[in-house]
Amino acid sequence: MPIARLQKFKLGGFARLLFCWKASVYKLLWREVLIFLLIYTVISLVYRVVLPNYPNVRENFELVAIYSYDYTAVFPISFVLGFYVTVVFDRWWMQFKAIPWPDRVVNNISAHLNGADERGRLLRRALARYVNLSAILIYRLCSKRVKKRFPTFQHLVEAGVMTSKEKDIIKKLPTDNPKYWVPCTWFVNLVREIRKEGRIESDPAMKTIIDELNNFLNKCDELYGFDWIIVPLVYTQVVTIATYSYFLACTVGRQYLDPSKNYTGHSFDLFFPGFTVLEFVFYVGWLKVAENLMNPFGEDDDDFDMNWIVDRNLEVSFLAVDEMYDTKIPVEPDPHID
Amino acid sequence: MPIARLQKFKLGGFARLLFCWKASVYKLLWREVLIFLLIYTVISLVYRVVLPNYPNVRENFELVAIYSYDYTAVFPISFVLGFYVTVVFDRWWMQFKAIPWPDRVVNNISAHLNGADERGRLLRRALARYVNLSAILIYRLCSKRVKKRFPTFQHLVEAGVMTSKEKDIIKKLPTDNPKYWVPCTWFVNLVREIRKEGRIESDPAMKTIIDELNNFLNKCDELYGFDWIIVPLVYTQVVTIATYSYFLACTVGRQYLDPSKNYTGHSFDLFFPGFTVLEFVFYVGWLKVAENLMNPFGEDDDDFDMNWIVDRNLEVSFLAVDEMYDTKIPVEPDPHID
Amino acid sequence: MPIARLQKFKLGGFARLLFCWKASVYKLLWREVLIFLLIYTVISLVYRVVLPNYPNVRENFELVAIYSYDYTAVFPISFVLGFYVTVVFDRWWMQFKAIPWPDRVVNNISAHLNGADERGRLLRRALARYVNLSAILIYRLCSKRVKKRFPTFQHLVEAGVMTSKEKDIIKKLPTDNPKYWVPCTWFVNLVREIRKEGRIESDPAMKTIIDELNNFLNKCDELYGFDWIIVPLVYTQVVTIATYSYFLACTVGRQYLDPSKNYTGHSFDLFFPGFTVLEFVFYVGWLKVAENLMNPFGEDDDDFDMNWIVDRNLEVSFLAVDEMYDTKIPVEPDPHID
Amino acid sequence: MPIARLQKFKLGGFARLLFCWKASVYKLLWREVLIFLLIYTVISLVYRVVLPNYPNVRENFELVAIYSYDYTAVFPISFVLGFYVTVVFDRWWMQFKAIPWPDRVVNNISAHLNGADERGRLLRRALARYVNLSAILIYRLCSKRVKKRFPTFQHLVEAGVMTSKEKDIIKKLPTDNPKYWVPCTWFVNLVREIRKEGRIESDPAMKTIIDELNNFLNKCDELYGFDWIIVPLVYTQVVTIATYSYFLACTVGRQYLDPSKNYTGHSFDLFFPGFTVLEFVFYVGWLKVAENLMNPFGEDDDDFDMNWIVDRNLEVSFLAVDEMYDTKIPVEPDPHID
Amino acid sequence: MPIARLQKFKLGGFARLLFCWKASVYKLLWREVLIFLLIYTVISLVYRVVLPNYPNVRENFELVAIYSYDYTAVFPISFVLGFYVTVVFDRWWMQFKAIPWPDRVVNNISAHLNGADERGRLLRRALARYVNLSAILIYRLCSKRVKKRFPTFQHLVEAGVMTSKEKDIIKKLPTDNPKYWVPCTWFVNLVREIRKEGRIESDPAMKTIIDELNNFLNKCDELYGFDWIIVPLVYTQVVTIATYSYFLACTVGRQYLDPSKNYTGHSFDLFFPGFTVLEFVFYVGWLKVAENLMNPFGEDDDDFDMNWIVDRNLEVSFLAVDEMYDTKIPVEPDPHID
């Protein structure tokens, strides 16, 4: 049960979150920070050890360093990151809200499909299974985890969400497009039959079941849309170029130059670029936020746990339409009465 | 009754709000400000009292101070805070809007479930109780206050929102997932029975009751989603690192250096870092806004008063479906007639 | 009729709006500007008249002034104001959209509640009155103007929107919570009776009337939510502290220092801080925008005219369900035919 | 047919849009630019021709110029414009989406109001006319163009959207509030009659027609809300003051001062303030965006063409409910079959 | 099948996207970069080769270069781009969501239109074809690709989405406005007939089919609105002027001036304006994002593949209402049972 609740503290508050490791900025960034420090150190060593023998080259290097420093001073990556991450964040939450939950459909099945006998039970289970199957088929397209769990239709059959006959029918369907909508069509056909049988007793009930199925399918379509139409590559590239070129410039521009040369802002030498590393963690960490939010259906710590959703939905669906269908709870006076 | 209305004044306006204490920035921040000042003072004392004996160390300290000052000058924490707080603010209001209110469901029960006799009354009360129970079960997951009030199912039984038999049934249910949806399933089953009894007279009425129940359940699901999927840790960490590293740099960089040394911008010594403290209150206060909004189901002054919501909803539900059910108000001509 | 339409001009455009007084930034700010100038002038006079006699104090004052100036130069109040006002602006419009209009409910009453006889007329008027009464009860909670107009239930009776019997019933209701939902419950009960009488002829009609009533009640709930859950105090305080501390720093930091002392940026003396006053109008004006939008149910020039809404809705409701109910407009061929 | 499609080019892209005149920034701004240049030139001439004779005044002028320049350097009008224009942009699109289209209503009339005989035809036309009339009445309030086209009810009668009898009825209606909702009430009354006649055969049909009429009326209400509640004047004034005071400061602060005086940043004289004019076009152009979007129901090139909407909707409505009502299209096998 | 899924990498992440070419910033920008470099180089050569012979002109050029440099230093194009791109991005996604999908309509046809005989099949196919035809007619207005594929109605007939008789009827229709709504009217007329035939058995079914058709038509209207009302030209021009004038100023202002002259910030000569090119890629790339998002119905790599949508929708529609209509899937116990 994937509950990750945020604790609130009187003192420090968010500061305590700095000591988390799972899904943390450190776990995501330590490799990049090491690479950055390595490049910085190599350049630093060359400047301090090799270049003093070539005063001309050294002077040119210093000019390039100053030029790079100026660049990093004016480059507005905080804006572009701010706007970009906001856009990606909105999209991330829209994707979460697009995940279809079968609760409404199964409640309607349970309310309107009468019959506690075996056939009624089978019909309700079949309908509930169809909507879950549709959801799993679309999850397989979006989510690596679900794809790994159900790489082929056969795995779905083994997991009990599809029968062999259904597998054959869906496989033979002459279309190259994604087939996640097919079980919804079966659902519609079966509901029509059930209506004729009379187990769904009224037209408004029929209408409401089909409406909820359509709402469910809409969510699947929406999820498919998010998978298909991504944030335009050029936007992501522009932001990435901005961030990485900034730190490329930093590897040169944030070098401590020989204080004896009296360049402005270079009156001392601290060897370790402490605040530049903090800036790196900050800016590249901000970009990592976007990376993480961009595809929340992956396998990272912070990604949506789609396999849990699959299991929860199957369990709740079958409980609601079958096991709990006939539970008679005696209607008793509650203590508040009178 | 948790009304906190904003007064409007001709003169000063918001300025008057600066003198509030409850839920104020002062109440939230005074500990952090004291810690900041303590660190600042210790460093200041070391610089003024100890370091003069070690001129070399002192000079190095001064260089680090200037380096730190430059860092604080370019670091764009106002942007990242602005974007982050906006995102968290939107989420905060979405969470408020996700809180389920039973008003629609109880109005429908009252409109469509006929019968002023004892059984009719019991049925209406049971249905009203189920939706409130679902809401309380989801509140227990999100809200510390409600969890404290109802730590176990037994407390719910004692509070009269659940009967003992219901407790047994829900406890035995073979699932490890949150069970807030279970009373909604009971609701559906009971409605189906009532329809058969004929107390719900028409199919459209049945449909509309189930639809509203589903809308109610959707809100619960949404609340659960907000509890489950939080703002990615890495975003919060990036913002926190930015803010706290800024003020870490300030403890050194905003020291008043010996004016006799003629460092740029260090031509005088005021001892107390007045404006730096204001900046601290401003930036860390802004971060506190995010902390406060992030989990509005806690026990802070500004958090949603979920226990009041529980009480209000129970009271209004029972009033609407029971006490007021049979109130006959004579239909009289109103004064505006003709 | 509160129409305030924006004129468009070929030349100047918004510039012409600068000459409005009603609801203008001048009307809202002139007091604050005077206070700011007063403080500034007093400090200026002290510096120019008193301090020359105390050269030491004067020099310290000048250092403080420079320190303050530096603070105002780096302080990012434009960001925090920009983000804050945007958040408050969105909320302001959401509040307007949350105001319930009875048009949908009365159209449904008029369409589905048959009978041109006296009883039909009374029933329709009663239902229309109930929804308006609910709206007025919630307005009384939010809006000062409506509260002034109807300080007690008795005033509502005198205004003809409530009968004495209704007043007694609502007063006796054993709840301490706001009672704006009570007339909606009466509405539901009355509709149930009318359905039994047969004046509402069909189940879909019944369902649609209840649905619209619920939508209406939802708006009332939403309005109540806006009244109850305000923007967290700490956010408002942070923004206010930022703005006012900025101008506190300005009263000192924007003083013209003795040009003979050759402080950087202090090479001349203009006496009047012209552009600082413009900055004041701009930043504090921006904060005033937030103040104004925060509680739009007050009595300012720009606030929503809730009393007009009350009158308009009562008038339109009664016209639609009563006076115009039986208007027979002959169906004639229109000129476009053929 | 007001189609303005954006062309996409491989090279240059938006750059080509710079050569448009209609609705362009040049067309909107050339007057303002000329005025700005005029003021600038007058001041420049005074400085260059007159002031050399008064060295004291000249020196003071130079100090004021430097002071003004510093002001323009720190003033953050790009932020306030960015936030303001975003808010106005959102509102602009919401207004477009609030424009009511009768398509849904007329499709429902066409689907559910039976009878190909003359009376059926007249009834359908009357209903379709009523919704269009409501829309035109609300357009008359918002839009200058529609107001000019239909200055009085008589013009509506002449245009065939209202009969003389209807004009008399609506004129006599005892209310001072806008009457755009009146034809919707007629619609409701007429639908009730038609239901009794039996031409609308079912209750769900009746319900759906009234629902769509209500949705249509809601849009009208929304449009009325946008017309009534404008962006608070104080926000617009603050933005306008910021922009215009910036350029007022520019007319003095961006003067080329005598290079021989060696003021910082004044080492040369280019006579024409080229980049200042570009800044003017940019900032005032950005403000013009807001002006243009603020009231999109005017008569500018970019405004919504409400008269086209009036004509299109009338035409489509009558075509759908009348001319095309009885078109029998033979149902034939399509080529894709089998 | 246009799936473009984003890969996630442990190391580097977005950095890997920098090596994509399709839809990349390089592919979009290389022409502009070359032009910029060409202009820069020509000016550079003139300055280095020709101007030394004219010391006066050279000095003036240097002054202009410094003036231009100052301009580029203060010009806030990052803000205006950030705000503008955010606005355009939102609009881009709204356009995607406005694309009508026929899934809901065809599911309703399949559920409620009974009859497995030939006529039932023809009727279902005709209705499914009408909604697809409406969609294609609106796509032809928005999308270049679809317009190219179906330049005339005759092409639609040949593609089998329209019969010749339908073509004649739609051509003769006396209106100059877009006719995409016409097949929706046919749909309504045909549904009315089918209801009379009794193949649509219930009034709620009839209502729900018409409602879904109206929802479908609404999406078409929305798409038409996006095509008709574009982002005001003046906003786009302002942003473009800002960006291009910035780089015009750069071609002069970022020239390396003779270091022997000792201009501030011009103490060295690197010949190639490396970071200026990065800035160019960044800012103009950001503007390209807006260009790309502005009209997503074009033929660029990142544009929506409308032809795939046309094919997918036709295929799914016919499969759902015809081929799969009579598929009987045996209802069997699933493995999870008991």
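Lettered A, B, C, D and E in written order, each chain numbered from 1.
Please note the rule applied: contacts are C-beta pairs under 8 Å (C-beta built on N, C-alpha and C of every residue); 3 or more make two chains touch, one makes a residue touch a chain.
Just so it is clear, the model here is predicted, and its values are computed rather than measured.
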Checklist entry - Which integer distance in Å separates the CA centroid of chain C from that of chain E? => result 38
Checklist outcome for this item: So, in whole Å, the Cα centroid of chain A is separated from that of chain E by 24
Checklist outcome for this item: Multi-chain contacts in chain D, i.e. residues touching at least two other chains, fall at 79, 82-83, 86, 203-204, 207, 288
Checklist entry - Touch graph across the chains, line, ring, star, complete or other? => result ring
Next on the checklist: Once the touching pairs are worked out, the chains link into a ring; list them from chain A, going toward chain E first.
Outcome noted: A, E, D, C, B
Checklist outcome for this item: The answer for chain C against chain B in the complex is residues 31-32, 60, 63-64, 66-68, 70-71, 74-76, 79-80, 82-83, 86-87, 91, 119, 122-123, 125-126, 129, 141, 160-161, 163, 165-166, 169, 173, 175-178, 181-182, 184-186, 188-192, 203-204, 206-207, 210-211, 213-214, 217-218, 221, 225, 227-230, 232-242, 244-245, 249, 287-288, 290-291, 294-295, 298-300, 314, 318, 322
Item to check | Of all residues in chain E, those that touch chain A in their complex | outcome: 1-6, 8, 10-15, 17-18, 20, 22-25, 28, 73, 78-79, 82-83, 85-86, 89, 93, 96-97, 101, 103-104, 107-108, 110-112, 114, 201-205, 207-208, 212, 265, 267-268, 270, 275, 278-279, 281-282, 285-286, 288-289, 292-293, 302, 304, 312, 315-316, 319-320, 324-337
